[in-house]
Every structure is written in structure tokens, then in C-alpha cells.
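You will see two complexes here that share chain A, one where it goes with chain B and one where it goes with chain C.
Showing the complex of A and B:
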């Protein structure tokens, strides 16, 4: 018996109940009721996704639900994967959200924000199930609008939220326009708008049309995934949203950009020539390096995490691009390996980034601060949150016991063995892609050492950080669920092997068995390489125990540890003002990448009035703006504003002028029609 | 197989742990002699370690678990790497999992642990050292992985045992342009990873030039002994790795006791020679400015990239 249909039905019903609860339940019980319904929606989505990953398929047509086009849903293992990820994240984050929004009546716990949350969770689960262009676009737009409302939920408190909302609204709709244009062209040429018709019609289309479809659609989806240069909304919207919404957006919503590229590029269009995929690798590589560099410069904790999302999605895009490249040159198994690596990295990213955003939310709730330069010392005051953040950071830095390492290792393996694919392009692109992954992994290590070391270690740098207290149990429980996911993915990634294989073959890459060797090991079938994450952890733990225990046995006098004042080169206990901040930590990297980041600095020296040699005040300012935003968006916005200003002159306020416009417009139209269109 | 294999793994760990201080002592002695000093003797690092281990353990006020576990973690990661890398034998029970990328990542984990400890102390020097160390580590990473890429092409795998065993069978691989370029790139990366001149000066205690020393400034007693041992083990393992990749002769490729004994002797000689060369070079080099280090690393990255592309273009004709 197929559980997908009932599960999706239950998800919809629970989401409906959640919306009603958000509207009707009074403030004291609202967040608990909404959280429970949202968690149920996510859980049902997870069940449906897991069933689909197990090989079940399901489809339904509901012609009456949407006028003209009807709703068409179909679930295959590829949709199941994204559904399961979105469902799991939504369930855990909803539990966290109960504690985070608390019993207030404003901002994130207001009636409107609470009512939209279950709807957002539902669309995250349902978007991958769409099986026709119209259904897909409607669900996509509902998801975008729901997330926009959630981003704006604290708009009364802070003015930046409104600006971020504006950016997000404009950019997500530009993306929608691209998708609409690309998919409409596709549907028109394929002769039908259901995905089955697109799949059937794609082969008969000319190469030129296929290319236009792919480029437009990929650009639209890449902007949702935070690909540079269409990433500008991401580092604005994610930090300004309430933290549980940031977690949902960063761990579940951006994935759907990847889903779209895989679905359209591999499944519907059936692959394409090499240059598509080389372009995708280039976008991914630039996003990865640029994202992590900006994260290295950021001292706002949530902005740092948002840029890190851009980096990780860049790595996933590199993997997807490599899969397309290998498929285009006819190497199926290697293509499947690259796609599996990309999908696994997406899953890992969802787990650790949701955890990190939730932990950042706990910090924000306890201190009211996101600025790393003013945090510090939280490990004594919020030990559980600090530990959970450390676990998430371990995944994000892609070092061995963490889950991120396994997927980056797979990605590197697929690229390193990709040199069997002939062509000068691969011989140059693949080593550069390996270098990009390595550089972004190295910079990620610096970024998360900064976030963890400056934010949670040492001593508090402000009053607010000093007064911080541990979060309520619901938040800790939500984060605990996510931490368990991270640990599971890190220790036994092999259990996902067959599901990932099915997802890759649903995308048309039947190399199969890219990942095998049972739950405890990752052994690759095509290339001779294997990794045993559990054994690495056991060996490290054993070595750690010996290394920590042996000196005590050897030491002649077994004494207890004694506390003493910090030495600090004889300077004696330093004040918190003297500790390194996030900005100072990032300074060497900023100097190294000076040409890329183009920091702006400004020194103002005010001399004393009587003498030019005595300085009264020195004001030093430095900021590292997002250079792409600075160079690309600002001129464009300025040009648009100028155009608008110029257009205003046309409307002088005189009725005669407007009548004249009408007359000349009509004449021009008649002339065009008369001359013969 | 398993008898000699297990012995080989155990021998690798024991040799690296017990030999690391001796290597440090040997390098200091070579350096002292070349500078016209008598030197303290090869055994001095061991005496220092014994002295430090007997002192009482001290926890500076305000430091936390990151500070306390970092020294042990540094030693632990290096010991696991010592077990994985085929220093003595390519047929060990763990050789199937001796992945070069894993080795690189484990070493990076030790670096990250120490950098966190530096920040955890909350002093300006700790933060300064951590910041500089992470900058250098981030920039070294591309060089190392592209060099790994170059080494893995002829073997068709990133498995270290496969790479080394292949090089023993076909020594011509080592003299190919790709092999030479990758070795040169990796050598620079090893200098940066182990904090030697010209990237960092292990003997300095001048505050503003310290990198590694600044991070570990607050350690004393047994903790300091572990940190020193960890740093010395890293140097030994990385020199051993370089020797295994570039001069794999003598490493046991079958499971026999005489081969293992020969491998042990060959390993000691190779690492001692490499250490002496490094110490001699350090006498004539000066440490470069911190902000010139990226240029050095960019150069080594280019070498590694050339290694990969040349191996493709030269084999493709």
C-alpha cells in the first residue's frame, strides 16, 4: 500500500489546521499549536519522502482544484529526496520555533506570522511533487510569498527588515519571471505543460531553443540557490528573518533551486552539451569562493551563516555541473557519482545549517546581539547551545568527524577521477574546481573558527553577552533533533546509499551503486576509494583518550589541575577589550584578498584649533561592502532611478498634454496597422 | 598478512612518537653545528618533555574545554595519521582506508583545534596566532589538494598505499614532470603546515612575528609537553609522507619481516636526511613577512596546477 498519498494528504490537512490555529488561538497557546501542526506537516512530508526514496511512486491529477490548468502532482525518488529533507528540517525547526517565538504577540509570534508558517512548510514539501508547469509555478510563488511574509514579520521593530523584504521581493520575482519565461517557452515548444509532455517533447526541440530554456531556467533557479551574482537577496533576507524562518529558508528553500536545475536539466531536457555544465560549474565555483570570502569578512553571525549558504550551494552547483559534464561525454557512472555527491552535500548542508541558524537564533534571543565583536564567553552561560553550535560548525568546516567532510570527499573523488573524460576543457576546469573546493574548505575552517572562537569562547565583550542565559527546552529539543541528524549523517552515511542511487536514476543517470558498502562505510564502485567514517571516529576517540590519559600516568606526582591567572606574556590578566574580535581575526585574510574584496577605509584627523600638530580626534572607519552588489546592482538601480526621474517629466500635469499623448498614440498605432504588420 | 601488518602499524605509531623529539633534536643539532655552536645534543627535546611532564598541570582562569582538549587532540590526530600513512609498509590492515584527502583533513583538524584553543584563552596573542594560523592554513589547502590530484593521476586513486606501491613498481613516475612539480609544490605546503622558516620561525619568541608560538603561549607543564610533541610529530609525519611519495624505495610492499626491518632503517635514514637538509636550508633562509607568505603559496599552487595539467597533456599525446 502506498503511503505517499495519505501522507501528503495528512500534511495538507495539518498545515490547514496550523493556519487556522495561527489565526484563531489566542497568544498564550498560539505558538505551541502552530508549532505542533507545522511539525506534523514536516513529519508527514518526511514520511512521504522516505517512502518515495524507498522506490514507491505516486501521482494524482486534480483538474478541479485550479481553474484552467488543474493541479497535477507526481512523486518519484528525486522529488522524494527533496521532500524528505524539507520535511525533516521543517519538523525539527517547528519544535524549535515553539520556544523561539514564545508567548509574545508581536513580531515572529504575531497572528499573521504564525498563520503563514505552516503554509510555508507545506509548500516546501509540495514544490518537488509538482508535475506540471502551472502547478509548479503556483506552488513556487506561494512558497516565495509565504517566505516573504515571514521575513517581514519583525518589520515594526527594525527598519532593515523592510529593506531586506524589498530586496527579497524584487529578486524572487525576477527569478519567477525567468522561470515563467523559460518554462512557458519549453511548454509551448514541447506541446504540453505536464512534465510528461515536456519530457517527451524535449528531444524534438532545436538545440538553440533547448539552450535558451536551460539558461533562463537555470538562472532563475540559481538565484533561489544563492548563486553569484544573483545572490544579493540572500545575505539580506536570511539575517533579518526570525531565526527559525532563516533556518527553514537556508536549509530547505534554497535546496529547491538545486531541485529545479536537476529536474529541468537532467530529467526534462535530458542533459545537454558541455558548455551548459561548464557554465554551471563556473557559477558554482564563483559562488563558493565569493560566498565564503564574504562570510570570512562578516562579523554579523547570521549574515556569516547566510554567506556560507551561498558557498555550500555553490559547491552543490559544482557537483551538479560536473555530473552534467560527465553525462555529456558519455560517462554515466561517474556522472551518477558526481550527482550523488552533490545531493549528499545538499542533505548535509541542510542538517548543519539548520542547526547553526537555530543556535544563532538562541544567541540572538538570549543577548539581542548578532554582532560577533560584542559576543563572547557564551560557552559558560549557554553550554548546550555552544556545544550544538560546535557540532554544526564541525559539519560546516568539512573536517573528518563532521558530516560535511564525507560529501566534500565524494565530490573531490568524482572530480579527481573525472580526468578520464577527454577534452582540454576538462583538463583545465577540473583541477581548478578541485582548487576552488579546497580553498573554500580552508576558508570555511577560518570562518567557523572565528564564529565559534570569538562568539562562544573567551570572555563576554558586552553587558548583554554577560547576562545571557540558556534557551528554553523546546528550542534545545529542536536543535537536539537536528544535531542527531548531523551525527547520523556523519557516522553512517552509507544508509542513504540506495536512496541516493534511486534519486540519481530518477534524474536519468543510471550509473547506480555510486555509494555502497553498507551503513558503516563509503565505498565507491567505479573508482578505487573508500572511507570508513565510523572507524575514523573510533580511532580518533581512542587516540584522544590515550593522549589525554598517558601524561597523567607518566607524571611523577599525580596532582589535581590548578587554576592560575592567564600569563599573557607577563602582561597579566587582560581585559575583554584586549581580546581579539571577529574583525581583527579576519584582518589578515582581508589583506590577502584585498583585490577581490576592495574594502573601503576612511581616516579623518581633526587637529586642535591652535596647532596643526596636535591631534584632537582621529576617526577611522572601514567596511567591506559586497563588491558585486556595489559594482553591479547599485549602478543598475541608479540608472533605473534616473530613467524613472526622466519619465516623470513626461507627466507634466497638463490635461492637454495627456490628450495629445492619447491622440498621437492612436495615430501611431493606426499607422503601424495600416502599413501592414 | 595481519601479523606483520599490525606490527607495521604499531611500529609506525611508535617510531613517530618516539622519533619525533629525536628528529627535532637532530635538526637543532645540525643547525647549531652549522652556526658554529656546540648544540644541546640530540636528546634535549626528550629531556624537555620529561621535565614538562613532571610539572603540575595548570588551567589558566577563564579557559574552557577547547583549551584543555586541544593538545591531546593535536597528538591524537597526528597519531591516527601516522597509523594511516604508509611510512613502513603498504600492506597494513588500515591501508585500504589510507586516503590522502582524509590524511590532509585530519592534520587540518589538529590545526583547527589549536586555533580554537588560542581564541579560547581570550588573550590578544592567542587570537593573533589563531588568526594568522588559519589564514595560512586556508591558503595552503588548494596547493595540497591539487598536489594530491596530481599524485593520484598515475595511480588512478587517492589511496596512499596504492600511490606508493605504484611508484615502487614504476619508479619512472617519480621522475616525470608531473611528479617533480607535485613534489615541489607539496614540499612548500609541508613547510607552511609545519610552521618552519620561511613561513614561521619555530624558535622565535618575539611576540609580533609568532604564529604557532603565539597560539600556545598559555600552555605549561604536561599540556605544553603534548603541544610540543604534537608539533614534532606533525613534522615527522609530513617529512615521512614526502619521503614516501617522492622516494618510496625501501617501503615494504609485501608482508615479510625482513622487508619491514629494511623499511624501518630506510625510513629513519630518509627522514634524518630530509630533516638535515631542512635544517641546513633554514640556516641560510630568513622568515618572510606574513603578508608575503601568500605569494609563496600562490607560487606553489601554480606548480601543483602545472603538475596536473602537464600530466594530462603529456599522457594525452
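Showing the complex of A and C:
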């Protein structure tokens, strides 16, 4: 029996109920009602997605639902994968959101923000199910608008929220314009706007039309996925959104950018020449390195996580690009392996990034702070949150036994074995991509050591951090669900094997069998490599236990331990201000990457009056601006503003001028017509 | 009633259209607002003659009724309203003061394009209208369709008056010329639009003139003049 249809119906009904609950239920029960409905929506989406991953297919046409075009939905394993991820994240985050928004009546728990949340979750689930251009664009736009409203939900509290909302609105609509242009051109040339018609018509299109379609559509989707240089909205919108919304956006919404590229590039266009994919790899590689470097410099915890999203999506783009490259050179199995690696990394990222954003939200809720420099000492005050954040960070650093390790390992395997593909471009690009992944993994380790160590260990560096208390049970439950997902992905990724294979073959790349071996083992069929994550974890745990326990055992036998005061060089007891901050921890990295980051330093020395030698105050300021924003966006915005200022001169206020525009316009048009005939 | 012969019909129609176009050109030529309004009333008569002739020729009584209505509105009511507005602007009567320079509200003293150039432009616009309307005329070459460019020419001249005349009342006349041109085009090209549309348009024009009359009086009280370039102050 096909459960996809009923599950999607249930998701829609629950989302509708959630919207109604958000509107009608009074403040004391609102977040619980909305959270329950949203969790139900996500759960139903997960069920539908898992069923589709199991091989079920489902489609429906609802011609009456939208005027002119109608609604067309179809679910195959590829859409099922993204539905399942979005559904799982939405379900867990909704549970978390019950505790996070609490019983207030403003900001994230206001009527409007609560009513939009189920709608956002529903569109996240439904976008991958769209099977015609119009349906896709409508769902996509509803998703963008819902997320924009959610980003803006705390706009009364902070002015930055409004600025972030403006950036997000402009960037997401630029992306929409690109998608609209690309998909409209595609539909016009293919002779139909349903995905089936696009698939059928793609082969008959000329090469350069296909290229134009791919480049515009990929640019639109890459902006949603946070690809550099279209990432500018990400480090603004994610920190300013309420944390459960950040988690949804970062773990579920950005994935849909990847979905779009895979769907259009592989499935609808049926692959393309090498240069498409080399371009995609380049964008991904730049995003990965640039994102993680900016994350290393960030001291705002949520901004750091947002840049890390840009990095991980960059890695996924590298994987997708590599898959296209291999497919273009005719190596199907390797292409499938690369795509499976990319999709698995996307799943892993969704799990650990949702967890990390939720944990950051717990910190924010307990202290009111996002600034790592003023946190610290949270391990004793919020032990469960600290533990969960550590688990998420372990996934993010791509080291065993974290879940990110397995997908990055798969990605590296596919890239290294991709060298069998002939060609100069691959011989140069693939080793560079391997280096990029290694570099970003190394930097990610530094980033998350910083986040975890400076934020949770040491002593509190502010009063707020000192007064922090553990989060309510609903939040811990939501994070617990996500943590369970992370652990499951780390220990038994093999269970996803057949589903991922089906998703890759739905995208037109068959025969990967990348993750096989009964769940406990990851064995690659095409290349001689295998990995047993469970054994890796057991071995590591054992080694850690030995390393930690053995000295203690030996030490206990030698002499008793004594507690003594820390040596303070005779300068008095060390204060928390002397400890490492996030900024000071990142300083060496900043020196290494000085040329890339171009930090701005400012030293202001104020001498005591009437004395050149006695200094009253030294003020040191350092900023690491987002250089791409600085060099690319600011000149562009200034040029646009100049253009707008110049255009004001056209509207001088004289009625005659305005009438004259109309008159001359009409006469010119008529002249053209007269001459034309 | 016997339908009139085609020869007479064609000659009378051409006469009406010629008068219609001539009236538009005279509006450009005259500076006295009183004379402009009078010319506009004459144009209204010429405009009413067009559907009347078509109605008599094709034996359509509805069209004759429309012609009566249009004549009453364009040659009677609208000029009356404008004359009243003019009288309100020049309380002591515009005619005696025309020798006073520049202060008179009753004269279009300084059009943005002078009279000689305006007349030349009108000639050029008429040529353009004839050039543009060629394919339309070719669709159904009859006496009415051959006169079609006249309607277009009046539309263009009306726009030109709007864009170049300073006095608010001259602007109103420009707008009404534009509308007369559109109406004439409709009659010449398609023997008129459905009655309900014609009624709607006429009502619209009447309302627009009433509103503009009020605005003109207000402008006079606010700025002391009806030169619409002074509206620029609202922009800054």
C-alpha cells in the first residue's frame, strides 16, 4: 500500500491545523499546540520520505488548485530523501521550539510567528514533491516568504533583525528571479512545464540554451544553498532569526538548493558538459574554504554556525559537481558514488547543524548572549546542553567518530579514485578539491574547538553567563532527538545505503551500491575501500579510555593528588579576563590567512592632558569584515544607489515634463511603427 | 427616411472630419482661453456630426441618439463648465483686461512651444497619424475608415497641448481634445462602441472636468496662478 499520498495529506492537514492554532489559541497554550502540529507535519513528511526512499512512487495532478497551471506533485526516491530530511528536522525542531518560544506573547511566540511556522515546515516537505515548474516556483516562493516572516519575528526587539530581513528578502528574490528566468526558458524550449515534459524536451534543445538554463538555475539554487559569492544573506539571516527557525533554515531549507541543482542538472537536463560541473566544483570549493575561514573569525556563535553551513554546503556542491564531472566523462558508477557521498553529507549536516543551532539557541535563551567572548563556564551550569553541543561539534569537525567523518571520507574516496577519469581538467581540479576538503576539515576542527572550548569550558566571562541555567525539558527532548539522529548516522550509516542508491538512480546515475554491508559496514563496490564505523567508534573509545585511565591508574599508585592554587607569576589570582577568548583563539589563524581575510585594525592612543608620555587610554579595535561583501556588494549597492539618485532627476516635479514623457514616448513608438511598415 | 446617397455622405463626413481637425489646430493657434473654449465647443459639434452622419447613412437610430448625447455633452455642458471656471478665475471678466500683460489668467501667454512651432508640429503629427493609420485604413477602405487618421491626429494634438500649455484650463482642453480624438477614432473605425461603454466614457470625462475645475480654483487660491509649472513646489 502506498503511504505517501495519505502521509502528505496528513502533513497538509496538520499544517493547516497548526496555522489555525497559531492564530486562535491564547498565548499560554499556543507554542505547545503549534509545536505539536508542526511536529506532526514533519513526522508525516518523514514517513512519506522514507516510503519513497523504500522505492515507492506517487504522483497526483490537482488542476483546480491553482488557476491556469494547476498543481502537480510527484514523489520519487530523490524527492523522498529531501522530504525525509526536512520532515525529520522539522519534527525535532518543532519539539524544541515548544520550549524555546515558551509562553510569551511577543517575538518568536507571537501570533504571527507561530502561525507561519507550520506553513514553513509544510513547504519544506512539499517543495521536493513539486512536479511542474509553476508548482515548484509557487511552493518555493511560499517557503521563502514564510522563512522571511519567521526571520523577522523579533524585529521589535532588535534593529539588526530588520536589516537582516531586508538582505534576506532581496537575496532570496534575486534567486527567485534567476530561477524564474531559467525555468521559464527551459519550459518554453521544452514545450511544456511539467517535469515530465521538461525531461522529454531537454534532449532536443541546443547546447547553449541548455547552458544558459543550467547556469541561471544553478546560480539561483546556489544562492539558496549559501554558495559564495551569493551567501551574503546567510550570516545575517541565520543569527537574527529565532534559533529554532535558524535550525530549520540551516538544516532543511538550504538543502533544497542542492535538491534543485541535482533535480535540474541531472534529472531534467540529463547531465551536461564538463565545464558546468567544473564551475560547480569551483563555487563549492570557494564556499567551503571561505565559509570556514569566516567561521573561524566569527565570535558570534550563531554567525559562526551560519558560516559553517556555507562551508558544508560548499562541500556538498563539490560532491555534486564531481558527480556531474564523472557522469560527463562516462564513468557512471563513480558519479553515483560522488552523488551518494554528497547526499549523505547533506543528511549529516542537517543532523548536526540542527543540533548545533538548537544548542546555541539554548545558550542564547539562558544567557541572552551570542558573543562567545562573553560566554564561558557553561559546562557546569548547562551540562546537558554542553554535552549535546559537543556531540554536534564532533559531527561538524569531520573526525571519527563523528557522523560528518563518514560522508567526507566517502567524498574523498570518490575524488581520489576519480583520477582514473582522463583529462587535464580533472587532473588539476580533483587534487585541488581534495586539498580544499582537507583544509576545510582542518579549519573546522579549529572552529569547533573554539566554539566548544571558549563557550562552554573555562570560567564565565560575564554576569549573564554566570547566571545561566539548564533549558526546559521540551528543548532538551528536541535536541535529544537530533542527537540520536547524529549518533545513528555515525554508527550505522549503512542502513541508508539502499535508499541513497535509489535516490542517485532517480537522478539518472545508477549502480553505486556505495553503502552496503548490512548497516554496520560501509563497503564501496567500485573502489577497493571499506569502513566499519561501529568498529572505529569502539576502537577509538577503547583507546581514549586507555589514554585517560592508564596515567590515572599509574599516578594513583605513585602518590596522592594534591589540590593547589594555580601559579600566577605573583600577579594575583587569574581573572576570567585573562582566559582565552574566541577572538584571541582565532588570532593565529587570522595571521596565517591575513591576505585572504584582510582584517581592519585600529589603535587609538589617548594621552593624558598636557603630557605626551603618559597614556590615559589605549583603544584597540579589530574587525574582520566579510571581504566579498566589502569588495563586491558594497560597490554594487553604491552604484545602484547612485543610479537611483540619478533617476530622481527624471522626476523633476514638473507636470509638463511627465506629460512630455508620455507624448514623446507615444510619438517615438508611432514613428517606429510607421517606419517599420 | 431614404438613406442619403453615398456621394453626399462622403462629402459631408469629410467636411465634419475636416472641421474636427481644424478646430484642434485652432486650439493651438489661439491664446485667449475664451476663444479656445469656444473652438472646443465647435469641435464638439463637428464630433457629434460624425456619428450623426454615420447613423443617417446606415439607418441606425441608436447612433443618432448617441450623437445627440455627445453633442449635448461636448458642445454644451463641458464648454459651459469651463466658461464658468474661467469666469471664477477672472472675476471682472477676462475680455476687458487682455491688454494688461501677463497677470491675466484668461490668456495662454507663454506656452512652452510658441504658436508657430506648435502649428508646424501639428502638421507633422497629422502626417505621422496618416502614416501610422495606413494599415488600419487598408483593412476596410470606406469613407469612414479613410477619415480615421483625423481621429489619431487629434489624439496626438491633444497630447501635445497637454505637454506644452501652461494654464490649467488649457490643459483641460488638451485632455478633452485627446478624448474627442479617441471618440472620433472609435466612430470612424468601428461605427462606435457599445452604448454602455460610450455612457461610461462620457460620464468619466464629465467627472474629470468637474474635478479639474475644482482643482483649478484651488490652485488659484493656493498659488495665485493656474500655471501648472508652479506645482513643482509640491515636489520639493
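FYI, the second predicted complex is superposed on the first by the 645 of 677 C-alpha atoms of A that agree within 3 Å, B and C clash if a C-alpha of one lies under 4 Å from a C-alpha of the other, contacts with A are read in each partner's own complex, and residues count from 1 in each chain.
One rule holds in what follows: a residue touches a chain if its C-beta (ideal position, glycine included) is under 8 Å from a C-beta of that chain, and two chains touch if they have at least 3 such contacts.
All figures in this text were calculated on a predicted structure; none of them were measured in a lab.
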Partner chain(s) touched by A:670 [first = chain B, second = chain C, both, neither]: second
Which superposed partner A:188 touches (first chain B, second chain C, both, neither): neither
Which of chain B and chain C A:419 touches, first, second, both or neither: first
First, second, both or neither for A:24, with chain B first and chain C second: neither
Touched chain A residues, chain B compared with chain C: B
Touching partner for A:587 - first (chain B), second (chain C), both, neither: first
Partner chain C, residues of chain A touching it in the complex: 651-656, 659-660, 662-663, 666-667, 670-671, 673-674, 677
Chain A-touching residues of chain B, taken from the complex the two chains share: 53-66, 69, 71-73, 75-77, 79-80, 83, 96-97, 99, 101-102, 105-106, 108-109, 111-112, 115-116, 118-128, 130-132, 134-135, 137-142, 144-146, 148-149, 152-153, 156-159, 162, 207, 217-218, 220, 222, 225-226, 290-291, 294, 301, 305, 308-309, 312-313, 316
Parts of chain A lying in touch with chain B, wherever the complex brings them together: 376, 379-380, 397-401, 405, 409, 412-413, 416-417, 419, 422, 427-428, 431-432, 434-439, 441-443, 445-446, 449-450, 452-454, 457-459, 527-532, 535-536, 539-540, 543-544, 546-548, 551-552, 554-557, 559, 561-569, 573-574, 576, 578-580, 584-589, 591-592
Residue numbers on chain C that touch chain A, as the complex places them: 112, 125, 128-129, 131-132, 134-135, 156, 159-160, 162-164, 166, 228-229, 231-236
